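My structure is below; once you've seen it, I'll send some questions.
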Amino acid sequence: MFIQIIDILGTVAFAISGVLVALDKRMDAFGVLIIAFVTAVGGGSLRDVMVGIEPVSWMTNMTYVYVIIGSAAFAVLLRNKIAYLRTSLFLFDTIGIGLYTVVGIETALIAGLHPIICIALGTMTACFGGVIRDILCNEIPVIFRKEIYATACILGGMTYFLLRKFVADNNFIFVVAGAVVIATRLLAVKFKISLPSLYKTGDDLAA
Amino acid sequence: MFIQIIDILGTVAFAISGVLVALDKRMDAFGVLIIAFVTAVGGGSLRDVMVGIEPVSWMTNMTYVYVIIGSAAFAVLLRNKIAYLRTSLFLFDTIGIGLYTVVGIETALIAGLHPIICIALGTMTACFGGVIRDILCNEIPVIFRKEIYATACILGGMTYFLLRKFVADNNFIFVVAGAVVIATRLLAVKFKISLPSLYKTGDDLAA
Amino acid sequence: MFIQIIDILGTVAFAISGVLVALDKRMDAFGVLIIAFVTAVGGGSLRDVMVGIEPVSWMTNMTYVYVIIGSAAFAVLLRNKIAYLRTSLFLFDTIGIGLYTVVGIETALIAGLHPIICIALGTMTACFGGVIRDILCNEIPVIFRKEIYATACILGGMTYFLLRKFVADNNFIFVVAGAVVIATRLLAVKFKISLPSLYKTGDDLAA
């Protein structure tokens, strides 16, 4: 029940982030709706297809469909006011990736995959909706360029498997690993931490 | 038999539309062939992969392969004359999306999915070949921006499920739903109807 | 054993080619790693998903994961020196596509598919990692524009099925078909052979 509420909040945040990017690109109503969908369910769909869970999970649970359509309509109607919700949306989104990461890991574990693959699939679940959104909008995916986002998911995933060595309580592991994702992202944004640059200043001038 | 002819006409139109976009991007012969393929079978492949029908259906029916290779060769050879065929191509393409929508819906129904998901998969079957074509050619997908295209598929899908409540004859439903897609698209193009804009004139100036 | 070494060399070359493109786009460390992965395993993943082999094969063999992470780290650290390795990388890459093509064909054969589909899947295995890399980096895929690359794979694939009519020894067919891919690509690059242009000089001026 608790998890379902978080899941819905995450879906709302992902769908709205899709709407905002699509409006920026001046898409029509149909395009906006598709981008909202893809952002919310794209990561999980890619995971399901690669692991072999078909039909992909959102297709058998209408809750997602209604939540995404509702969020998209809400975001389109109130788009001039949505700046006021920016902090809430950021929080929902961050909670969402925490949850999606752990759900992705557990899906991969059930399929009997290696911990490193599980962490990769957890990160994919959380991040690739945004990647597909950016590709459809003809942008280089933002998470490849400047945000501590995937890195937070990877840290959460490592926590998950570290805890599994010492703790028997699955719910506890689930919550702590998700919290590590959320805390890492919040701290990184608050203190403007980013990955160490691969490029020297001289490189930057050349860019 | 009748359906198979329509299916082939739709495939021809989709493949040729791929060739024309690829030639615009000055791709080489191999690139042109791939884009023709992807445009014709991309939507159905995505549907099959998400529903779990594998190998995806065009791989087990060589007719598609021969039709696409033939259409691509034809379009490359006659590309300076193809302007004369524009009306025929538009008709084939419109008939094609009508058929692809209904085929997608029925595939999803057989997999036991919810009507809304079926309509989404029907629309995906008809439209996502073009979306993948545009992504491979580094364009924002045209159907997200300005055409009554997906909307026609969605209306046809709604007709399909409305009729199912009252009519027992599946062939009748199939034909009427497909005809709604075709008629919507033809009327929209003839009378220059598009989705109501989400943007105000002031927004347009800012773009 | 011999095949495994070639496979690893191909994976190294593909991963490094991904790193170089990602560095050009000034991606952060995470983006570089993802592009390295996608370039190395993207073609095989797409093949597996379309044929229905799930979980996709690299997920059940950790060798790939370690080789890709190692190659990516190596390429990032030594990126200023990597120009000296350009010839080796070109060779690895060419050997890699030879091998990947034949592996793709045999995977499709086991799934009972038609020879033309098998050749298409072999070519996809060898080439589509690079295609997805280019899409994620917001470029029109390079193999659609100017290289004898896919064409080499198609020739190798045709050799494979031609030999199967006359030769019983599968290992022999495997090696010869792979060698045809490799030789075609080497000769094409050495003698600057490309596909005959679809465009007239007049077209070029207009471009």
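Here are a few things to note about the model shown:
The chains carry the letters A, B and C, assigned in the order they are written, with residues numbered from 1 in each.
Criterion: a residue touches a chain if its C-beta (ideal position, glycine included) is under 8 Å from a C-beta of that chain, and two chains touch if they have at least 3 such contacts.
Here the structure is a predicted model, which is why all the values come from computation and not from measurement.
When the CA atoms of chain A are superposed on chain C, the rotation angle comes to 120 degrees (nearest 5).
Shared residue numbers account for under half of those found at the interface formed by chain B and chain C, and the copies are therefore classed as meeting with different residues. Spacing of chain B relative to chain C, judged by their CA centroids, is 30 angstrom. Within chain A, contacts with two or more other chains are made by residues 49, 135, 138. Contact residues on chain A toward chain B in their complex (touch as defined above): 22-23, 25-32, 34-35, 45, 49, 54-56, 59-60, 62, 65, 76, 135-138.
Those residues of chain A whose C-beta lies close enough to touch chain C in the complex are 49-52, 111, 113-114, 116-117, 120, 131, 135, 138-141, 143-146, 150-151, 194-199, 207.
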